[in-house]
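Here come two complexes built around chain A, the first alongside chain B, the second alongside chain C.
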Partner chain A sequence: MANLEAKRSMSAFQLAIVVFVTCIGAQIMLTPRALIAQAKNGSWISVIIGGVLFYIATYLMLRLGKKYPDETIVEYAPRIFGRMGGIFVIAWLNLVFFLQVITIFYGVGKIITFYMFDRTPPEVVILALLVLCTYCALQDWGTILRIHQFLFVIAYSILLIVWLTSILNFQPENLLPLWPVDVKGVIAGGLSTWGMYGGYESVLLLLPLVYRKVSLNKLAKEVGLAFIGVTLLFLIIIIVIIGVLTVEDAKNLPFPALIVIRSVELPGTFIERLENYLLVTWIPVVFDTLAAMMFFMAQICMRQWRHADHRPALLLLVPIIYVGSVLIDNPQIYDQMGKLTMWVGLAFSFVVVPMALLLSWWQKGKVGKDCG
Partner chain B sequence: MRRIKCPRIRKLSADRPEASIQQAERQLTKLQQMTRQSTVFGEEIGDLVDQLRQVAAPSSEPFIFTSILEENKKLLQTIFKDCGDIEFRNFDVGEKSALLVYLEGMADTSNLERNVIKPLMSQTGPDNTNTDKLSEIFTMKSISEHILGASSVSVLAKASAAIDAVMMGNALLLIDGLSEGLGISAVKYVKRNIGGANNEHILNGPNEAFTEGLTDNIVLIRRRSRDTNIKVQILKIGERTKTSVAILYVANLVKPGLVEEVERRIRLINTDKVLASAKIEEFIVDHPWSPFPQVQTTERPDKVLAALYEGRVGLIVDGTPATLLVPCTYNVLMQSPDDYTIQPVIASLIRLTRNVTAFIAIYLPAIYVSVVSYHPGMLPTTMAISVAELRARTPFPSFLEAIMMEILLEVFQEAIVRLPQRLSGAATMLGAFVVGTTIVQAGLINPLLVVVVAITAISSYSMPSYSFNLALRWLRIPMLVLASILGLYGVIIGILAVTIHVCSLRSFGESYIGGLFDSNLLSDWKDGVVRLPAKLLKERPKEFGSKDQTRSGEEDG
Partner chain C sequence: MRELQDRNFVLAVAIDKADEVKEVETFFQPNGTKRYRVSLQILKLASGGEQKEETKTFIKSNTGESIFEMVRDMLGQNSKSLWFEHIQVIVISDAVLKDVGLSEILDFFKRDAEMRSRIKIYVTSGKAQSIIEFNPPSKEPGGVYLANIIRLHLKNVHVAGSRTDLGYTIQYFDNKSNILLPRIEMADKVVKLSGSAVFKKDKFIGYADEYAVAGLKFMLGTEKSAVVTIDSPKTPGYQVVFELFRHDTKLTPHVENGVIYYTDDITMYGNIGELQGDTSLNDTLDPEYLRILEVAFAEEIKRTIYYADKVFKKDMKVDPVSRFATKLKSHEPNTWEQVKDQWDELYPTIPLYVSVNVSIRNIGNHK
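So, the complex of A and B:
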């Protein structure tokens, strides 16, 4: 069948949307407690530090991708690091996605059963979402891109509107002192926001779709805008949580964002129990992150195994993801898993990618010299 | 020695009457009779085959014409054996015999008499001075050019073409001494007059609708535009029916490759009969298992013309007033011709309302079931109490109540569609007042649910496309099941699943969602989700990829 729709490329703005929706996932509900416990009143600074830090990491990835405009990291990593080194790097990238996916699935199962179905096992919730994400990830990239754009417009706007109702209980004095006393904690908090920003690694797989028609500068600008958007959203969430609950309360609650929204009352309206509304708008946000990451995992496997279709790889990954997310059966393991994911992700962004960039510069320089 | 006692041997027929000799004789006689009959049939078939094989013909042709009229007549009579409505009219053309073959009721006999038989007989009669001259140039071509008065004639050398021409209502002229026929256009049959649209009513604007005749339908398009770029390509589909399917497009607008793709898919149709355009639709869509319509259906020529000027392709099927338009997107299904005859602000509001009602039509019953069954805390306290009171009076769980109401609604809708028009009013009354009120009074269904289902039904009726309305109705049931199992979480899962499915659909390669959720096609929103004034609609929708994106001034549709 002649497919007349041109979808072998995407615009810089569309890539920015993908970065935005992949970064914002379950962590907006799951991470704030740990961040506030670590950075206290300086959490907002940690969020900004994280935004800048991870934008730099993304920029390095854009530079790396620019050197190989028609290939993904799966194709050029073996050329930079050698065959075995390349396989190791690709497996590392897949591990970053895998760890994020299973921790998110666990977190979603926990929150949904905690607030919506207290007598339902989390496995049921995880399974339903996993089936949905698999159905989405089985589609082609054109379809997934459309879903991202749809959810970017619909889900995020509703989520923001619902969340902003909590301003009714906001008390600015809870934010004081604005400037942090614990600088070390704020910096460590900045690093720990990786859990919030994680997902930007997707650019390593998508750049060939963009570089055919967009320059690096334009791309850096658009992705920068996406990071500004993500940072602003995280800032709103963290500031409102501290403003409504205080640092002391927020760090002792498992899911402070939901407690914040639960305390909102809108008398004279039809709306009650706002945490259900927030969860309902949060599920699509989580879904698009998970679906995209599962698609990327399958794409990495497909390219690595030199298959033409990503679907068999995806179907192979689904039971592994399910078992992985079910194996995290208590909050301690979840915390440990979160830390492991963070360090694996940080190391990939700040060790592997810069090293790849340096090696590719060195290799290209060497080729230039050899040619005379 | 022990003696074995044998039972008395009896005739088999004593125990089993069907094994008697008489019975066997009767069966044998029957068999002989059947054998004789089959021999006769075999001989008859052999004769027919012999008649057809008298002249060697290529495998694609039933026979080839000879120069002997009697032979040609015999061959045609063999082909049209037992076709009582085929007329064979013999007459003389000068010294030669001629034969006119036509389908009674499909051909205009007075036209044939006036323009074929009379001129032929008079100009070649013994008292005519031109007879000698004519005998020198006595070919089908010269006859058609010098003698016949018919407007459209064609020389037919192949027997299959001649047979097709007769079956289409044309007349076939054969003359002794000539080994080719002449197809004379004389189609005239009883048909419906052009009337108003039955299923697509609009308040303002034209109201002419297509009929069952292909040529009449093409005329309805042609009459509205004098554009020579509107092209019509006619194909024949159906092994037996050989139904004509016209492909319409605007040559300098249509996306390159689209017409070829449409033609390719139509040519791939392998079926014996095509009686309605819906059959073609099922063959050419990308996802035949999807509940969503992937081809737009209309009976309005103005709508077809507007679509052609957006770079789309129209398919008119002979015998069906429902015309198909491809590619089809969600946007075009949510538009009505009325949107262009009212103020743009109002049209925009109506379009937005349609999108909201489409959502309500699928999800409202599911949201009701999930909130009432799993999350009553989301309702205001007073309402939650009153809902609980109402529910306490009904014996069924809310899911079962909702399913029962849905089934009842579907039954009523089916009954109203199937009943004669005079009775459908009575059925509506019965449904609305008798059953609706009674089931609530009997305490079988919660009155709030009746309100929810009524709102849902009315929402689905507001869709401009009936087939899209059916898709929405179909989706309600899986949504109800999800809501009953997983509450609001299930509803969200369902909403996302439908979104994925709709985003994955393609209509002739174009996304079904079109420019709705594509940041590269945001300009399509001008005449999509909303409608801007005609002055601002300077560009054609990008989603159809027309060659010329700029409209030359006025709005096309």
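So, the complex of A and C:
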């Protein structure tokens, strides 16, 4: 019987949803503190800079992918960079996903144990979430895509509604001065928003699934819409955090996004401690990001090892991910890992991908000349 | 998982200096001294038929230095675990605050995940424990009663209640701002909130009276409703009262040729709330008379604001809740960068120009 869940094609809009869902994950809780500490009142500008910058990176990836229809980067990288160079690039891409996944698992374990189950070791929370994400990532792409679409509508709308209750404590004056005194910090903050936007690299693996007839312009437009959505959501989060807590307060709190919600009191209702509601709606958001990233990692291994099924590779990756997550055992290592992940991701987007694009142009031009 | 009846809900915390150490309630301490007395007001959970008792709460105390250590040691005095999720109020004796900074006292509360941001904080010149021992005549649990008093601050200009809870106080610490906290006093079984404890950064420096608090609230526009009383212009010795319903208040920093000054533009709308004396002489239907009252009320509000300005600027030399500094930082960031290190010395010399307009919209139910 045919496997109906084995998705062979998807629309540009579905790709945009995947980009949106993969970008927005755990980082909405984990990264605002570092960004606000760096860019201060200009954090909102950093978010916009990041949005534009990483959209350009995604556009370059789309251009590259369109040059090799029906193939993922795993297939065409060795043709561009040579056999060893190709393996290096593919390993680099997998490392980008791996580092994101382990830092997210660590951060989620930390938040959930601190705010919900303070007696439970984070390793147990990580393990439980890992089992859940593995179960999802073991499915075929059709199932994962459906979960993405479902959560895109349900989880994000609830998350946003819960989040926006914090407007009750919003003080517009906390946002001033709007224009930054520290321009350098704002620009550096723009680069560090990679931690928030990271995940868009998935287009390098998903592009062959998008109908062939979809033009680059159409793809760029749909993915652009996803980036506008992601940027708006991050803008709301950063603006509300600063508006409620002030820059100085936010940078002293490990998870300011939760404290913002914690300050909300809904007069005349029995609903209290809204941070628990936020956490409950945030867990599915984290789950779909992690499941997708684990699926992408397994896909890369599967294609690299020329297997027909991604599941053995995924099961092999699970213990590595778990060990990687629990090895981050203090905030200093977590900060260092965050920086490492950012630089590995930035270098992949702005060195490897443009280089691949230039080499592919050069190689195709050469082929054309040789033929002529 | 603990059931509701297996928990001791702490509703209020009082922190005093440890004037006497009771052997049984305290513990052997390898580090530190018996510096503070921490008292917890705990909710009595009783079934419907057992609620004939006078009070809904009971008090447990301990002495030591670390608040957390005292709280944990108090488990030796309780049959159920102590639960801080529903804590309503923290009362601190000023005797404690004369020795140590507020941030030191509140550190346990700001760090612990059980605490809420909206816990009210009060300062008293007497014993904090007496305040949480107070039995409200309404039979509400004491902590809830104490916390609810401040909810009425929007209508009571004598109470500085705006942004004075734990969450905002932590924000002030992080912003290195000055702090105002409501003052609570108890005498002859009466508990009253009025005036304000003033902190320079987190160091307690004294109290501002009700009149200064009212002036400050008018200055910053933190009141929602207010009552302003003047001597009747036509019948001296009798009082006329203005009830404020709405206001537009704008405190703006200005920098001209390197000179900093502030303007405070206030427009207030309200009714005549009370008029004593002969109503035939004080004809509220006469538009001319209403104009006279409007000017007189505006003058009184101005006087109140200038009084507050004098108290905070000249007497205490403290920028209240660092509001003036925040305004300058927000609207004139370049100037702020130049003066921020000398702000404490500069602030008392910066002039404030106040302009008040009062508009009487109604005279009440009767002439």
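Heads up, the rule we're going with is that the second predicted complex is superposed on the first by the 363 of 372 C-alpha atoms of A that agree within 3 Å, B and C clash if a C-alpha of one lies under 4 Å from a C-alpha of the other, contacts with A are read in each partner's own complex, and residues count from 1 in each chain.
We adopt the following convention: a residue touches a chain if its C-beta (ideal position, glycine included) is under 8 Å from a C-beta of that chain, and two chains touch if they have at least 3 such contacts.
This is a predicted model, so every value here is computed, not measured.
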Touching A:245 in the superposition: chain B (first), chain C (second), both, neither? second
Mind working out whether A:284 is in touch with chain B, chain C, both or neither, as first, second, both or neither? first
With both complexes superposed on chain A, which partner does A:273 reach: first (chain B), second (chain C), both or neither? both
Quick one: is A:11 in contact with chain B, with chain C, with both, or with neither? Answer first, second, both or neither. first
Just checking: does A:259 make contact with chain B only, chain C only, both, or neither of them? Give me first, second, both or neither. second
Does chain B (first) or chain C (second) touch A:118, or do both, or does neither? second
Between chain C and chain B, which one touches more residues of chain A when both complexes sit on the common chain A? B
According to the stated criteria, A:177 is in contact with first (chain B), second (chain C), both, or neither; which is it? second
The intersection of the chain A residues contacting chain B with those contacting chain C is 273
Touching residues (chain side chain C, partner chain A) in the complex: 85, 113, 116-118, 167, 170-171, 174-176, 326-327, 329-331, 333-334, 337
Mind pulling up the chain A residues that touch chain B in the complex? 1-5, 11, 13-14, 17, 112, 116-117, 124-125, 128-129, 132, 135-136, 139-140, 142-143, 146-147, 149-150, 153, 270-273, 276-277, 280, 283-284, 287
Could you please specify the touching residues of chain A with respect to chain C in the complex? 114-115, 118, 173, 176-177, 181, 245-246, 248-249, 251-252, 259, 262-263, 265, 273
Note which residues of chain B are touching chain A in the complex, please. 255, 257-258, 260-261, 264, 286, 374-375, 377-381, 383, 486-490, 492-493, 495-497, 499-500, 503-504, 506, 508-511, 513, 516-520, 545
